[in-house]
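First up is the structure itself, then whatever we jot down about it.
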Amino acid sequence: MMREESIRIPFRFAAGRAGSRMLAALRDDKQILGSHCPVCVRTLAPARPFCPECGGENLKTVELGSGAVLVSWTDMPGRGLFALVRPDGADTAMIHKLLGQSGDFHIGARLRAVFAAERRGHIADLQGFEPDPGSAA
Amino acid sequence: MRPAAIIGTGQTDHGRCRDDVSQPELIREAANRALADADISPADVDAVVLANMEMFEGRALPELWVGEGAFANRKPCLKVATGGTSGTSSCIAGFHQAASGLFDVVLVIGFEKHSEGHTQTGMALTDPFWDRGVASGALGNFALSISQYMAERGVTREQAARVAVKSRRNAAMNPHAHLKDANATIEDVMSSRVLAHPVRLMDMCPQSDGAAAIVIASAEHAAKLCSRPAWIKAAATRHEQPYIGDIDRRLLTMRTLRDAAQSVYARTGIREPLKQLDVAEIYEPVTYAELAWYEVLGFCAEGEAGRLIEDGITEMGGELPVNPSGGVLCANPVGATGVIRVAEAAAQILRRAGAHQIDGARTALATGYGVYAWADALILGSTP
Amino acid sequence: MNERISVDVEMRQSWRYASGAAMERFCEGLRNKRIEALRCEGCGRRYLPPRPFCGNCHLHLSHWVPVAQEGVLEAWTVVCLPFLDGRTGTVRNGPYGMGLVRLDGADTTLNHYLAETDPSRLAVGLRVRAAWRDDLRGAIDDILHFEVMQ
Amino acid sequence: MRHQVIIAGLGDTESALEDSRSIPEMVLAAVQTALADAGIDYGAIDSVVTASVDLFDGITASNIAVTEVVGAVMKPETRISADGLAAIAHGACQIWSGAYETVLVVAHAKTSMARYQELTQWAMDPIHVQPLGVDFLTCAGLQARLLAHGDAGADRRWAQIAADRRGRASRPLAPASSVEEILASKPVALPLRQGMCAPMGDGACAIVLRGAATGAQGPVLRGIGYDLEPHALGDRDLTHWHGLERALQRACKTAELQRAYAHFDFAEPSCLFAHEEELFTAAVKLREDTEISADGGLLAACVPVVAGMSRLATATRQLRGAEDGGRRALVHGTWGPVAQGQVVAILEGTPL
């Protein structure tokens, strides 16, 4: 015998020190933040509390550009396009959504960030990245 | 069994809601303190064991996200999840790993952020064909057991309240504790709100946010890295049948804890625990359980637990201080709670327990309790 | 800047659970207000809920025995704390009685609701009887609660 | 000198898209087969290590449900929430430490209970990633695109790998299909198509590990190693399985083998996607004559959590059946998004 059972439980995750800074900057300034590790001499996107390489916590918060480079993407039919994008000024890529059609994109393409009109301090305040019309396709 | 020892411990400042930090940041707080206590650097850690009850925070495989808080990036890292015993079982897992010869130094970290989810609800996701529809989380389960304990052993509400008073007074000396009150009275406990008859608010452990860590080293490294390590002399785990109704008179018999304790006593030559143990950090989720465990752990005969607390035997200055830290009643981040028991027992042996240090502590007991009746027991000592 | 931001998310998931053969028979019985336990041939223990295997004796269980709809209250409480029911996302408010009931013919106890919510009228050892809902569905909550027998 | 750990018995259920049995019923069948295979009864078990994930099973402390059938009543049980091969690693540590002589390791999962990929979202960073709707499949698609960049033949090669693996399986959970059929199969996370992904099902696996002092016979677990990569995909080199390289390095050290000279007659990788097999072979630098995925591997039939243990079971059968005995196998498991967790075991057959 099979029986289907459902659950509905709310959760609330604290974004913490680095995450709260990141989400507040998206909301207030349409600004993507990164973290610079002086030990590894590398700027990480998005902002975070520790360096994944050296484990260090002495990271400097930096403002990244709203322009970005497409590092990889995938097309999930019915769910849209997901991407790894490297914001200008960062050495690493972050996961987000791509806005457009699959045929609009190629690895290395220039992108620009699109922000929601109403923002609430959430990763979706950044709606995603679209092709940058200012750059050659 | 190859020996291993605890060379450092670290805890966060536990509280009702640590929303100032994310889960990885919370863990890092405990990890940093443990590494500083052991005087080692992250690079010295060979492997990490994490403990957490992921359904309490709505996560799957939580180590994937939080691991780097524990310095686990590019290192061997495993997660242990066995309900309330997650913490003590992860310490035992770290012990076995350090003793296996595979690793020299193992960092064990337990954590929970109850404020991010609904613990009682998570605990009630039991067998959907049996008791999920009538589950009421830990609270109802404890309350049921207590009615049996009171009926058979005659333990009183006042004796239970004494446990809460002792706990809060001890916690006042512990900088990490969540609930502390040096002036709590028996009347305070007995007049606090009823949660589930006969359990009142101050009888019950809180739901805390927090993390705790210990550093375990293999024998060779422990001797090199620490002048006075807390040696893990014996450890035992016992699990039970799956349903709450399977176990007769659970609080009274608690055959898993009794058997685990007898096993570690036998392996360390302990015949009279009250005399031979210097300190105990036991997993008492509710005041009545501490009394029941006195009997199960052999600190006194059956029915004598009330006298033990009334005579102050388990107070800080008594013959066997129980939970100088304030215990689970004063801080309960579930995945960390068992680690805290072991960390506090180790800190006593390491002579680093601060204001709640028991002078001359050389032999310590730590226990874990989980789900309906799972149990862990560990004996720590100042010599291998 | 010390703003603390958190991310809210509701977990809405469902699973298809397999009952197993023993529980299937048990649930079918409930549809007819019939309660049955499985008896271990090793230790003689009569198990509720019925299950495939005795964890003490390591024996398969296949010997069904009838169980009465009444028994002894082995443990009880009255819960006052509100509780978020994960199955519905709604809060169950107190007070509600809960008990461990050893039904006549079973050796393990059944945890279930009690109709009585006055602590002064509950005690270990009382006789209690199952009260059934009208529309039986073959699930353990076909029993609404247990009532103290006078 | 470390105690030798013997693979003394194994039992598994036949993987199925949907097994109508309950989890305890499935686990009971696997455990009893393993005990019979090892020639022991429940009384000989000193300790149990289980592997399961609560959210996959839809129950809190999911190991409660199997305590009786794994024989853990009044015994030590440790539940590891990761791939089953990681539970084997811990079970081996218990024996190497001298704590126990006989350890039963059990893994189980039923993907038919829920939408598996949807559940994996709950393992992703809940601040920056989970709210976007990213799951393990999304991550695999991102990795595949990166690997296919500037490599026009990649998707055809991956389709070939998947077709080959399924073709050699006796009971694959996905139908045997041609390269062309796989290239035309449903797109799931382009460039990944359905046919390039491991078909997910239900199953349980039980393995008895015993110290040599028990007199047990069977292949020897010589080495074990595991590793956890950073979580954020952008922090990792997605074109290499560096985590596997580190895990293998550690396993070789345990086995006292020189990594550069370690040769394997059999390899049982855990590849959830066809492109992962290329990452596997590149990371472990296998010689041409290594036999890979004797029974088709995970691309033929995959049960999450059980996956790495099912590879250990297959490798054990290969070593037991090897005519000259005394051969060596590499067993692999992964967990998390694009194999964030990596675990390997080195097995050697007992010379005849």
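Order as written gives the chain letters A, B, C and D; numbering starts at 1 within each chain.
By our rule, a residue touches a chain if its C-beta (ideal position, glycine included) is under 8 Å from a C-beta of that chain, and two chains touch if they have at least 3 such contacts.
Note that the structure is a prediction, hence the values are computed from the model and not measured.
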Chain-contact steps, minimal, separating subunit C from subunit B: 1
Most distant chain from subunit A, judged by the mean position of its C-alpha atoms: C
Two chains sharing the most contacts, counting C-beta pairs only: B-D
Whole-Å gap between the CA centroids of subunit A and subunit C: 47
Euclidean distance of C-alpha centroids - subunit A vs subunit B, Å: 39
Gap in Å, rounded to a whole number, between the CA centres of subunit D and subunit A: 31
In subunit B, residues with contacts to at least two other chains: 19-20, 22, 58, 68, 73, 116, 118, 121-122, 124-125, 127-129, 132, 241-242
Of all residues in subunit C, the ones touching two or more other chains: 4, 6-7, 9, 11, 13-19, 23, 27, 55-56, 84, 86-87
Interface hub residues of subunit D, defined as touching at least two other chains: 20, 55, 58, 67-68, 72-73, 119, 122, 126-127, 131, 230
Chain contact graph, described as a line, ring, star, complete graph or other shape: complete
Residue numbers on subunit B that touch subunit D, as the complex places them: 1-2, 22, 48, 53-55, 58-65, 67-68, 72-83, 89, 92-93, 95-97, 99-102, 122-128, 235-242, 255-256, 259, 370-371
Of subunit A, residues touching subunit C in the complex: 1-15, 19-21, 23-24, 121-123
Subunit B-facing residues of subunit D, complex: 2, 53-56, 58-61, 63-65, 67-68, 72-82, 86, 89-90, 92-94, 96-99, 119-120, 122-127, 224-231, 242-243, 246-247, 250, 254, 335-337, 340-341
Subunit D residues touching subunit A - in the complex, by the definition given at the top: 20, 58, 126-129, 131-134, 137-138, 141-146, 149, 186-192, 230, 232-235, 238
Subunit C residues touching subunit B - in the complex, by the definition given at the top: 2, 4, 6, 9, 11, 15, 17, 19, 23, 27, 47-49, 55-56, 74-81, 83-87, 98-100, 108-113, 119, 123-125, 139-141
